[in-house]
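Chain lettering (A, B, C and D) follows the sequence in which the chains are written, and residue indices restart at 1 in each chain.
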């Protein structure tokens, strides 16, 4: 079994127009910049993107939005130091936004990966974000019903990856990456270093290979936060 | 029953061997406890299957040698197994996320009865005693293909492929293929479709030991296995 | 408003200091992004609080020094932090399991408005623009104590403690205590109960800048803080 | 912060009559035998126990049942090589059994820990184990509603533990232990080795200390499977 791909371009080549794509990361931490940039170069349009944020500056997700490739964004916090790409398009009515509380977003994605079509949460009860959603009472308290969230593709960033797709993550760059890996039909992981099968101790694997379709090595990956401070623009 | 199945039917090893031939290279597979565990022995050369066990191991290796067991490293049947390069450990909720989330390619289970609509009964005889279900009800909704391996009839000669299950169900409409001691049958739109049968049994005799109509597909191949 | 609050009210650091005094030794604490993050600076000597951040870190250390930032190690406010012995990393679903599952002792958040029944509005001004909620709606249902730190009135002088919130809600009946620039108030059975107030403001003046009735508890202590 | 306890006896001393107690392990793998035996010596009665199994032989959970301390068992598979303790009591009507499919049991426990009061699962739909439970259709398929499961105490077994309660597990002994740690008001962990705070790398922690109340060191813990093969009897 060898899930390794030779390049980020190859790894994202078959993502079609209209696909739903989960993109890992929380701000720049854990954002798979090289995979996102490969997706920009590949050029599919009409994407629905799931990410905690809406991008920052003119790289990564912000650049993908700036290129007009995203029709809909599902996120919790479309604010950043420089969210111009998203904000301009949103205010011009050029992109749809589904705003989801952060914990509900994480749980909906995990539910998608775990085969749980719906669940109840106290989060958002009584607020505008619960409007139109079913509610139910359990043990005297009212909860909101939320649906699973799945995707056609997930683009994620790991630290180590082996040919079977087993992954580790670096510090807080873990964030949404492992749950998105579970919830997509095809999960494409960039990793900072390939190791041979067996190169990750079984107890230390965070994402088992069953959740991963493709692994591509990107040594010394770019950090979105650093790019933004450098005022980088892609492409 | 006019025919003596004893002389012609496949033994358990041969049924397991036949099921193993359909496991594609790179497949993620869960084998139910007991008889289905035997399938792992017959993995075709040159194909790699990754085995999952409910208690939180993916990609485990062979059974542990007697005297070499580490009882912290067992499978769902509580037998000691081994790790190999690429093994991963995870907790029970993550393990069943793999199952319920549809991440397995194949689950292979035993059966008391399989109905033509794919209903499976394999967890309770309904006769009292202490009920125990384990992971069977999860597995039948987890894998893309849910296969059953079983003798074609019970020890008393009653058909195990039936119109409708009379025993307590494990899952509704979940089975996709059945490997029996006499034939290979797919469940297609509420009907049993015969894909392979032993050359030694006639269609009429096969139908006579089957509790539901066996529809004949485009072709019915001979079911052949090595001596095992 | 007949009184000039400017001269008497606490500054942000003093409000944060006061809130920090109630964090018990060994408490698991989440500080909302922005102003609430300041509470960490005033942890009383000899007490250890363990800080949680939504993006999957428990027990992180101080802010990273300028030039020493590792942008893979940030808090929910996207500021670079540091690890210390005992830090643990986990994914987002596990992180909000900690929140929603009631494992935090204290969450400290900012507010636009707090109602006497504990309703909180802190995520949207309702005035259009791009809405953004982050983890606020999860946090208000997560911790055993949900505290708010805030100026007592808005920049325009409007009360932030109100009968009923007029701005979009973050959560219903969730706030347990409010630390303002003038007083400390608990939410008890649908009423604001005053626990502490600055000596420099009279009850009448305090009530006049408060949008709901302030009930007086058994004792009202003087709210005192160091100069900060 | 120091969650260490000097002895298993101290660690379980305050578990009262009538408590709901989750006990980790899958068969003998990951079963906290020393904590269970301490609970037997402590003697609370009328317990509700959550475990995947119903014990085996005359040690561990089987011994707890044999001592008459368990009124109700919530489990998926009350069968083993020698389930006599449970079977005899069950057939005499002396113990209540709530049988739960294994994946549903794990998910109900995780839901308890994650603040999800109810969720929907395909598991058990159309079977006797779904009787009386609400069902709902999502995207054309019918699912069963299941409730969270919580406990007053969890007794679990880890490998390494630090004073803050951070834990690792040994191989497949992980199983139910991490989710039970999340779902109990008080979680008591026996570990094979204490390490100092910082002795477990942050990326390698499986159960963060927030889920753990008490850690007690039991070097060279007994293995239920080995005890059973030795025909051990406790007490």
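To be clear about the criterion, a contact is a pair of C-beta atoms (placed from the backbone, for glycine too) under 8 Å apart; a residue touches a chain by one contact, two chains touch by 3 or more.
As the structure is a prediction and not an experimental result, all values here were calculated from the model.
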{"item": "Labels of chains that are neighbours to subunit B and to subunit D", "value": "A"}
{"item": "Of A-B and A-C, whichever chain pair has more C-beta contact pairs", "value": "A-C"}
{"item": "Between subunit C and subunit D, centroid-to-centroid distance (C-alpha), Å", "value": "36"}
{"item": "Mean-CA-position distance for subunit C and subunit A (Å)", "value": "30"}
{"item": "Distance between chain centroids, defined by C-alpha means - subunit A, subunit D (Å)", "value": "34"}
{"item": "Residues of subunit C engaged with two or more neighbouring chains", "value": "57, 83, 89-90, 93, 96, 99-100, 141-142"}
{"item": "Junction residues of subunit A - those touching two or more other chains", "value": "107, 110, 114-116, 121-122, 169-171, 174, 202-203, 206"}
{"item": "In contact (per the touch rule at the top): chain pairs", "value": "A-B, A-C, A-D, B-D, C-D"}
{"item": "Subunit B to subunit D touching residues, read off their complex", "value": "53-57, 70-74, 78, 83, 89-93, 95-96, 99-100, 119, 124, 130-138, 141-142, 168-172"}
{"item": "Residue numbers on subunit A that touch subunit D, as the complex places them", "value": "107, 111, 114-122, 136, 138-139, 141, 143, 147, 168-171, 174, 202-204, 206"}
{"item": "Residue ranges of subunit B touching subunit A (in the complex, touch as defined)", "value": "25-26, 28, 48, 50, 52, 57-59, 83-90, 93, 96-104, 141-142"}
{"item": "Residues on subunit A engaged by subunit B in the complex (per definition of touch)", "value": "1, 110, 112-116, 162-164, 166, 182, 196-198, 202-203, 205, 208-211"}
{"item": "Interface residues, subunit A side, partner subunit C - complex", "value": "26-30, 52, 54, 76-80, 83, 86-87, 90-91, 97, 99-107, 109-110, 121-129, 169-179, 206, 223-226"}
